[in-house]
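Lettered A, B, C and D in written order, each chain numbered from 1.
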Amino acid sequence: MIKAGIIGATGYAGAELVRILLGHKDVEIKWLGSRSYIDKKYASVYQNMFQLIEGNCLDDNIEELVKQADVVFTATPQGFLASVMKEAYLEQAKFIDLSADYRLKDVKIYEQWYKIEHKSPQFIQEAVYGLCEINRGQVKDARLVANPGCYTTCSILTAYPLVREGLIDADTLIIDAKSGTSGAGRGAKTANLFCEVNENIKAYGITSHRHTPEIEEQLGYAAGRKMTVSFTPHLVPMNRGILACEYASLIKKPDGSLPSESEIRGAYEKYYSGEKFIRLLEPDVFPETKWVEGSNFVDINFKIDERTGRIIMIGALDNLVKGAAGQAVQNMNLMFGLEESEGLAFVPLFP
Amino acid sequence: MIKAGIIGATGYAGAELVRILLGHKDVEIKWLGSRSYIDKKYASVYQNMFQLIEGNCLDDNIEELVKQADVVFTATPQGFLASVMKEAYLEQAKFIDLSADYRLKDVKIYEQWYKIEHKSPQFIQEAVYGLCEINRGQVKDARLVANPGCYTTCSILTAYPLVREGLIDADTLIIDAKSGTSGAGRGAKTANLFCEVNENIKAYGITSHRHTPEIEEQLGYAAGRKMTVSFTPHLVPMNRGILACEYASLIKKPDGSLPSESEIRGAYEKYYSGEKFIRLLEPDVFPETKWVEGSNFVDINFKIDERTGRIIMIGALDNLVKGAAGQAVQNMNLMFGLEESEGLAFVPLFP
Amino acid sequence: MIKAGIIGATGYAGAELVRILLGHKDVEIKWLGSRSYIDKKYASVYQNMFQLIEGNCLDDNIEELVKQADVVFTATPQGFLASVMKEAYLEQAKFIDLSADYRLKDVKIYEQWYKIEHKSPQFIQEAVYGLCEINRGQVKDARLVANPGCYTTCSILTAYPLVREGLIDADTLIIDAKSGTSGAGRGAKTANLFCEVNENIKAYGITSHRHTPEIEEQLGYAAGRKMTVSFTPHLVPMNRGILACEYASLIKKPDGSLPSESEIRGAYEKYYSGEKFIRLLEPDVFPETKWVEGSNFVDINFKIDERTGRIIMIGALDNLVKGAAGQAVQNMNLMFGLEESEGLAFVPLFP
Amino acid sequence: MIKAGIIGATGYAGAELVRILLGHKDVEIKWLGSRSYIDKKYASVYQNMFQLIEGNCLDDNIEELVKQADVVFTATPQGFLASVMKEAYLEQAKFIDLSADYRLKDVKIYEQWYKIEHKSPQFIQEAVYGLCEINRGQVKDARLVANPGCYTTCSILTAYPLVREGLIDADTLIIDAKSGTSGAGRGAKTANLFCEVNENIKAYGITSHRHTPEIEEQLGYAAGRKMTVSFTPHLVPMNRGILACEYASLIKKPDGSLPSESEIRGAYEKYYSGEKFIRLLEPDVFPETKWVEGSNFVDINFKIDERTGRIIMIGALDNLVKGAAGQAVQNMNLMFGLEESEGLAFVPLFP
């Protein structure tokens, strides 16, 4: 049995980790860290866990935690893990960080977008960006995995094959993303009250959302050069789900024609045909967040717009599963040599 | 492997059966019956099943189905199963009926509340009312199980121990129940459109909802005599979940005092302490539908009101799981000698 | 022009007052009090008011406010108005209090249910309970009106004629009420976050909700004696609306028969036939909250249950309008000799 | 009093017209046409209108209707008005068509996108596109107004000043729009059931939505040349509201710099500073649909993205008001020489 510790177990992503790990046959949860609820019964914070989890919330004593755990998940605010990480910890346990601390290779970009100083830049190079479908090989050997953001996972996977194959002009990429409200966390803020979110949709973080540089860096690797994207997230009155609608100009062929639907489809299949968690939908069937709810799937499809010469790519995932906890467990499976999909065989819940 | 056939596989309850059976290690789905979608890919009707189910919808050929299946689930409109049932079928396969056809022992009451003629009353006596926690023994030996209604499962289990122990005056029982909209089915009706249900709550079926006689019959067995209840269902703008708030006068003790909280709690524990799917919550923690969503749990608690001499009992379940498909699988497990909770270990999804 | 001041103008009820008074041809808003947002532009707290209200939020300086205003609305936490009220203020302006401070005539009951000391009990007797349809005459001459609670307005009006006419046994009255989330206010609490409320229904304040004694007192006047009720509120995933489902045993006639539908209907008509804001629906059409949203209407209907000898009465209103701000303006209209419905002719918004 | 007739009075847009006209002091509704509910009480189809409207639904007898009405609103399926329109009708009454029949000047484009033959193209040239803020002058003299689509009103007004002033490259315009579900109408379709829409977001009509050519034509007039746009609508789980997020490349100045924020703001102010129903929000405050709900406002703002050289423009309106019925009444006011905002002074409902 893999012994797992979670720091930040009472946020929505942390709680989803608990839900998933409870059903994972090779894992035992040893530590439910939650600074806000120390010594409180975990199941009194998440009543859905009543009779399923008996333990209390513990503090953030990593020193002690790494002695007891084989793997540590940190579902913590930006800057937390960077501020406490030590080489000694990495020698004792594997780390999967759901925050952004080790996602960006360029510490200056991190500090610029997150507006905090990075306290342990020495681990950034070692950290593996845990987008399993793309970095599977490196994840297997990693001690420290930077689990991708929810918007980024969806945004990158939706465009990746076309960027990689040079079928679209990367500089024209515009990502209009929509998220359920669990992405905003469980903090008590007026803006996230039911009455403020319900019957409402809004864009936020316009031109400044922190997932932007993460998308640019990763898709930049695929493009083979630096690139910028326009990324606009929206808050949608639903609990879970991210839908990314991505626009880009197709690169014309020498004869001036656009790539055909089958060429585009072929590119997607080239990268994803063996992927268990990526479902390339059938032509003219487009992703909807409800179809992936509660599961680790990413649904993807596209449509060529002959009139404008653009392609519209659409992806959907559950922000708490493939966008956070599910992907973290997928990374853990890889790191411990388990079947990659172990404990993740959730059939989407509908309706 | 148990071979299962589902008739009515494209209604919400049928689809939930598919979801649950897909994850059941001892079951193989052999027949996805759906009169409305014959020859259509099942996964095109429920896109969440894309790549998980390859088969097409089939018609309602029970003759053929019972040859291929060990167990037949019927998630069909009232009257369907009664109109086709034959002794020969029961000799070939076990039946679990999610409709009301065999729930009421008195055929006249069935015909009065459902306003249809019962076409095979000869099977009513044999049918076992599949409320596992109460009729476990009989279910094990049954060929034909009448799977209880969603409202009834919640309403009965919430009050059962107190009725059975004579702690409340059964004739004062009032059940005010609230349901998510999936209980109304997937039929295209104006009243169930998003814009009609959203931002709205209403009562319906006032004094006339068909689950009333079912509750009365079953709680009547517990009371040891005929009884009537007031039952009022409400439609709530959410997908899943039933909450039942039940009111009854406590029977005073000879000295005029009311039963104590510990006496009441003791009664619940007497019947439910060993039950895996019934969670009697801690004092002053009351059920919420979100805490059981996607799971087979029923959460229950109560509060004594000294001022009025009444008790308020509250129960919550997921109408598609414990209120329909989950309970059906629980019945199947019992009928086939499997672990009762096999395939039903869902951790509730929150948020 | 009537000069109006609002204390607590940035809560949901306060903001609804602003919305309604903005459209009232005889009123000018002079004071937008909000302790939390002093000196902030009101329209930056409620962006729906952008370009409609230019002023800033002011503090709670009642001394100054009563010099400028003819009427003061207090949409403030319990205890606030009681703690500051002085005879001098009442001589300068009329007060309409949306809190509970002057609703209950028995100060002990107030202190017992609200768990705070009442700081100015000397004004309780003078205060008029502002349920316009019942206390219209007294409201006209009042200096201090206690504006009824949202649950209470709905609960009382739904049962009042039958209690008053002795058609139901008042001691059997059970009120199961459901409310939209705006009733919980705009305070930033985890329990009111979108993700906690959405896809969820729960009961709360079971046997202990503070509107209970208010209902008991007012219906007690109608009954001509003290009475107790069971009152259970529920939180529903919608912004606005209250639905009350009320159960009571009908009083049998000397011949043992129940009152007829036309007798019951006659009782409702006796009290409500001339009421502009109470709509007694046609037989077998039952109230839904959406049908009154944004309006000052209360929709009411009932059903006799011959089987149980009970009647089910159902009422619906918009908790922020007839349940708070609309009723406050209705009271103001009466107090200032205006047409009672002035500024309240809202057609319900559907969908 | 202006006598108004409505054909299609029981769709959501028709019902919103009824709501608005009920409160319009210069209008009397003479005809509530609804083919589906002929002879049924209108208030039984829309119970929110109980006691506010006594009349029954009538059929579509335009011959008779134009004798009784000064203005006819048609909130009917595409093709209806075109198939019945005659010069004689236009001589008897003014027409405001909420369908698309007379919106597109090029009949071939109409037939291509709507896949129906246009039966009265002879009226297309005369018809005025009723986007009041842009075509006010022509509307005043019109006999036949083509009331713009909901998505189009929002999309056009959000980008208009920048296209008109040549500040953005019109060919790079991408519009990602999101709509509440009332835009899908009141027809009973499975895809619009509560359980299918709730907790879900999806794109639809990708590259093929019928509002695309309407946007292209109108913005093309502003650009002074033909242009194409990418337009992707989404269905959001809320009743009302449209949010359009629009992306375009800014045209660089001769020195290679981008237009400044104040230049952009100046362009918006040039066209909209006197507009009562267009609210250009303060810098860094972005539109949300809830802030305009129930009102005739369009809220607009923008953000320059220096990194990508693009501008993000965002607009929000209530699809049933400014996106349909409110704009129709605004057109009517202009056509009859009334104050343009008469009957439209709705304060947005929040929450």
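One rule holds for everything that comes next: a residue touches a chain if its C-beta (ideal position, glycine included) is under 8 Å from a C-beta of that chain, and two chains touch if they have at least 3 such contacts.
Here the structure is a predicted model, which is why all the values come from computation and not from measurement.
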{"item": "For chain D, the least number of touch steps when starting out from chain B", "value": "1"}
{"item": "Winner on C-beta contact pairs when A-C is weighed against A-B", "value": "A-B"}
{"item": "Most distant chain from chain C by Cα centroid", "value": "A"}
{"item": "Chain centre separation in whole Å, for chain B relative to chain A (CA means)", "value": "37"}
{"item": "Euclidean distance of C-alpha centroids - chain A vs chain C, Å", "value": "46"}
{"item": "Of all residues in chain B, the ones touching two or more other chains", "value": "12, 182, 195-196, 198-199, 237-240, 288, 290, 293, 351"}
{"item": "Chain C to chain A touching residues, read off their complex", "value": "12, 181-182, 186, 188-190, 192-199, 237-239"}
{"item": "Complex contact set, residues of chain C against chain B", "value": "174, 176, 178, 180, 195-196, 198-204, 206-207, 228-230, 232, 234, 236-241, 243, 245, 247, 286-290, 293, 303-305, 307-308, 310, 312, 314, 351"}
{"item": "Chain A residues touching chain B - in the complex, by the definition given at the top", "value": "12, 15, 19, 22-23, 44, 46-52, 182, 199, 239-240, 279, 281, 285, 288, 290-295, 299, 345, 347-351"}
